[in-house]
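Two complexes are shown next, each including subunit A; its partner changes from subunit B in the first to subunit C in the second.
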Partner chain A sequence: MSHRYFASVSVLAVLIAVVLFALVLAQAPSGDAKADAPAKTWNMPRTPDGQPDLQGFWTNATYTPLERPKDVTKEFYTKEEAAEIEKRGAERESAQTVPGTIPDVHYDFTQFGLDRHQGTYASNLRTSLIVDPPDGKIPPMTVEGQTRVAERAEARKRRGGPNDAVQNMPLGARCLIMEGPGPPMLAPAYNSNYQIVQAPGYVMILVEMIHDVRMIPLDGSPHLPPHIRQWMGSSRGRWEGETLVVETTNFTDKNPFRGSSETMRVIERFTRVDEDTIVYKFTIEDPSTWTRPWSAEVPMKQTVGPLFEHACHEGNYGLANTLAGARAEEKRAAEETAKKESR
Partner chain B sequence: MRMWVMCSTRATLAVAAVLFLAVTPAAGQAGYRAPRTADGKPNLNGIWQAFNDANWDIEGHAAQAGPPALGAIGAIPPGLGVVEGGPIPYLPAVAAKKKENFDKRWTADPELKCYLPGVPRGTYMPHPFQILQTPKYIMIVLQYAGAVRTIYMDDPGPAPADSWMGWSAGRWEGETLVVDSTGFNDQTWFDRAGNFHSDALHVVERFTATSPHHLTYEATIEDPKVFSRPWKISMPLYRRLEQNAQLMEFKCVEFVEELMYGHLRKQPSK
Partner chain C sequence: MRTKRAVVFAGVGFLLAAVPLVAHHAFSAEFDIAKPLTLQGTLTKWEMINPHSWFHIEVKDPAGKVVPWMIEGGSPNQLIRLGVTKNTLAVGTAILIEGYQAKDGTNKAVGRNFTLPDGTRLFLGGSAPGALGPGSEKK
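On to the complex of A and B.
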């Protein structure tokens, strides 16, 4: 009796493993970032409660632009072309700042390891992160979208110069929010680091910059009610096979994404394809802004932890000093004018 | 092939003994044994909140006026305090700083500027927080300012740099999660009453489930530059039971910009 029981359990276990492995292969996206997809037998790790395991430290740093460059028409570079682009990117980043210039006073990115080429980044043969539309560009805007962009530009002009008041400065300089969390998640200027942690019912994405947390429930609960809007929207996730699908709504109008409206809906797909890589794909649906949805694919590579605390606002001396400096400049200019006029 | 379960009497007794010990409540408070996570640890996952007046003043206090313009909204509610065994033992040399902080609390409290609250203040802010528990990392995410604490369950070594929320190593002692934190800067307060610390702060916290909906939270605070001995606070933490309980965004930096930078606005030219 024991022989047959154990044997049948073994057969069942093998069958389950084969089915799961087949599912992993089926989920691997076509048009992969790597032109020569590896044929190694890698098994998707699982969390203790059975979710595909996306946990770890990841970066989405890349040299690939969101939109295809003007003079490029193909979808993929050759390996040599891609290597040349990365080499030129690394040279640009390594250019030493000239002493006494503004870039030198700000800081040399390479001094603090803030540049991409000294850290982990995803090598990508794609000529653009955008994979749909096929021309690799953000689709045309609707009339409503263009009007909104123009109105926002007008409102910005009415508010005055960027150093006139804190509210005129970029959101990142104010330590309100940067590109990292989105959604969609794109690499900020540096420290494009994320930590994914999974517990039953939740996927948590900790973004290093400004320590923003995306807490994504998997329980099928409804999004926040429509009158409650948030900087990072309201996200709900579910597993479709081995892919985490996250839908986000309830955005505010305070941080438009490439001109989006607050009715934008973002659908993200996270698929771990090997030990070191999550393929992250996002789709933007915003019919009041663009004539059609558009999608991009961003490889995330495993990197080394831990994430450090980024107490952005607490350490934001630069913001106050920039404003104070602008006021001191105005005062000095006013005094010089007064002196000239009094002669 | 042998069967998994052996039939001998000795083996049966051994198995029974193991099962008995496994289900006997360990030494948690009131003998409550929390359900287990998949890796066999007490399950502290959930959304929790303190409901007391500790954030106003961790020591016992009567009600007091707040800023006049805020009337009863900004008045300080009374509280019995959460400090165990007498007043906070400030060293005589630094006791004056506590009074100085208290006297200028309506301008000097880091909470006014939406600064990160540190430990243990983050635990008893008037906002929920979420515990996300895995074998290697236990994340504590505060709704307040989106503050995050990473509790490393594998020894992370010494803190690589000072931080606002500290550097935390966690371990299990039976039913209790013990969190040992160092690497703090000296910028946070313990409450709105100006109780403070230095960068030598060392906090040991204990989280123990005492019912399906309560944790008992204890924190022992040690700081040889500020206090003459370690001292302790304790309080219940309550599970948020609403069906759709979730952390919402409290990105308060936006709300304090006028307070912090309004005086640097360009004035219209005359």
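On to the complex of A and C.
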């Protein structure tokens, strides 16, 4: 083999590589911030029984809002705009609040590493997590849905003020369930971490906040009978190609999702698209609450484990303090009234 | 110590796009906005617990009497992930706390700012934001 021949083959190989690379870039999806990164060869990791391997530690922390902001009409930001939003979001998180205002009556997220900027989060060019309806907004509520929301508010009022009945206090403050463990899984304010473990016939999702767990059978077994309602519903999974599809029903009225009914059905789709990312899509079907189904797409980024304990009940001094504070305020108010009456 | 920052955004869209962080309960229902305080004390115990950590300190009152206080802070999980342990903050550490006292009038407060004697803010080394580095959680 002559040097000249070898050199021409090398030049040809480089040219082919450049053309292929350009083609790959041109075909890359535009919704993902990773689209501009050079395409690398990546093979779906598999469990010993051949399933796509979703196992590990993931976070769905994001600066992208669920619903598209009012003044934004496009579906995607440019890379520069998205970077600016993340930067301003991080500045806002670490900014000092104004003394004597409600937001100032709080510890500092930054000091406890809880602002998103100090942890792992997925960059996203989307202007909203909601991808359907195309306007990026939750569809209008049905009359039935509005009536139900009003009735729930009425029932709360009958029980008294926010700190008069334990049922009136937020579920999170009572350490029963936090916002966002799912389904659908949406990032809470912090500790937005999940662990996925797969075993033959099952997928388990552990949520860091209050260590909620979903054990999802993949064996085609039916959902729980209708009279059994659970805080996180009854989930059943199956593989559709490389995507894990999880359907959840049997929700309870005690833990509505944005005004949902207990007949809500949630369909989740988990697709690992590279070493560091699972694209998580969910669709909400609840015709008694919303005029049409709606769907969102959330990137989940690989993070480091383990998940740390969140033994919420054990340390929830805040609940007792809040109740004690409310009683002290009532006492003060009663004393004021008595003083006025005695004058 | 406290800097009032009015951040004005050019685009309303940008402002709305930043998801506000919300706590798991209303701190203004637990602590009194009308009772801001500054406490200079020494640490006797740090409870690294959830949903929120608690710092136990001893504070000398104007008469020289030592009074115990409990100060509420944030969930410790992310600190642990960032390498902070129970030994990071030694018992006896002097600490300055600005915060708001509990509504029930007891010696409890939320710690808006935790500051060490050398002026650095606790856990931050004095260079917030991102003192621990963006994405530092990810190896």
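Everything below uses one rule, namely that the second predicted complex is superposed on the first by the 291 of 343 C-alpha atoms of A that agree within 3 Å, B and C clash if a C-alpha of one lies under 4 Å from a C-alpha of the other, contacts with A are read in each partner's own complex, and residues count from 1 in each chain.
Rule of thumb we're sticking to: a contact is a pair of C-beta atoms (placed from the backbone, for glycine too) under 8 Å apart; a residue touches a chain by one contact, two chains touch by 3 or more.
None of these values were measured; they are calculated from a predicted model.
S.K.: Which partner does A:Gly160 reach: the first (subunit B), the second (subunit C), both, or neither?
M.R.: first
S.K.: Using the superposition on chain A described above, determine whether A:Arg327 touches subunit B (first), subunit C (second), both, or neither.
M.R.: Once the two structures are laid over each other on A, A:Arg327 reaches both partners.
S.K.: Classify the contacts of A:Phe109 with the two partner chains as first (subunit B alone), second (subunit C alone), both, or neither.
M.R.: Touch status of A:Phe109: second partner only.
S.K.: Pick one for A:Gln230: touches subunit B only (first), subunit C only (second), both, or neither.
M.R.: First partner only.
S.K.: In the overlaid three-chain picture, which partner chain does A:Ile177 touch, first (subunit B) or second (subunit C), both, or neither?
M.R.: A:Ile177 contacts subunit B only, not subunit C.
S.K.: A:Tyr202 contacts which: subunit B (first), subunit C (second), both, neither?
M.R.: A:Tyr202 contacts subunit B only, not subunit C.
S.K.: Between subunit B (first) and subunit C (second), which, if any, makes contact with A:Gln118: first, second, both or neither?
M.R.: Touch partner of A:Gln118: subunit C, not subunit B.
S.K.: Touch test for A:Glu314: subunit B only (first), subunit C only (second), both, or neither?
M.R.: In the superposed model, A:Glu314 contacts both subunit B and subunit C.
S.K.: So, does A:Val149 touch the first partner subunit B, the second partner subunit C, both, or neither?
M.R.: neither
S.K.: Among the partners subunit B and subunit C, which is in contact with a greater number of residues of subunit A?
M.R.: C
S.K.: Just to be sure I follow: which residues of subunit A are touched by subunit B in one complex and then by subunit C in the other one?
M.R.: 163, 175, 308-309, 311, 314, 319, 324, 326-327
S.K.: Could you pull out which subunit A residues touch subunit B in their complex?
M.R.: 2-3, 6, 47-49, 55, 160-161, 163-167, 174-177, 195, 197-202, 204, 206, 210-213, 215, 217, 221-222, 224, 228, 230-232, 306-309, 311, 313-314, 319-320, 323-324, 326-327, 330
S.K.: Which residues of subunit C touch subunit A in the complex?
M.R.: Subunit C reaches subunit A through residues 2-5, 7, 9, 11-19, 21-33, 36, 47, 49-54, 70, 72-82, 84, 100, 102-106, 108, 110-114, 121-124, 128-130, 132-139.
S.K.: Touching residues of subunit B toward subunit A in the complex: what are they?
M.R.: Within the complex, subunit B touches subunit A at residues 1-4, 37-39, 45, 113-116, 130, 132-135, 137, 139, 141, 146-148, 150, 152, 156, 160-161, 163-165, 187, 244, 246-249, 251, 253-254, 257, 260-262, 264-266.
S.K.: Inside the complex, what are the residues of subunit A that reach subunit C?
M.R.: 62-65, 69-72, 84-85, 88-102, 104-115, 117-120, 127, 162-163, 169-170, 172-173, 175, 178, 188-191, 208, 301-304, 308-312, 314-319, 321-322, 324-329
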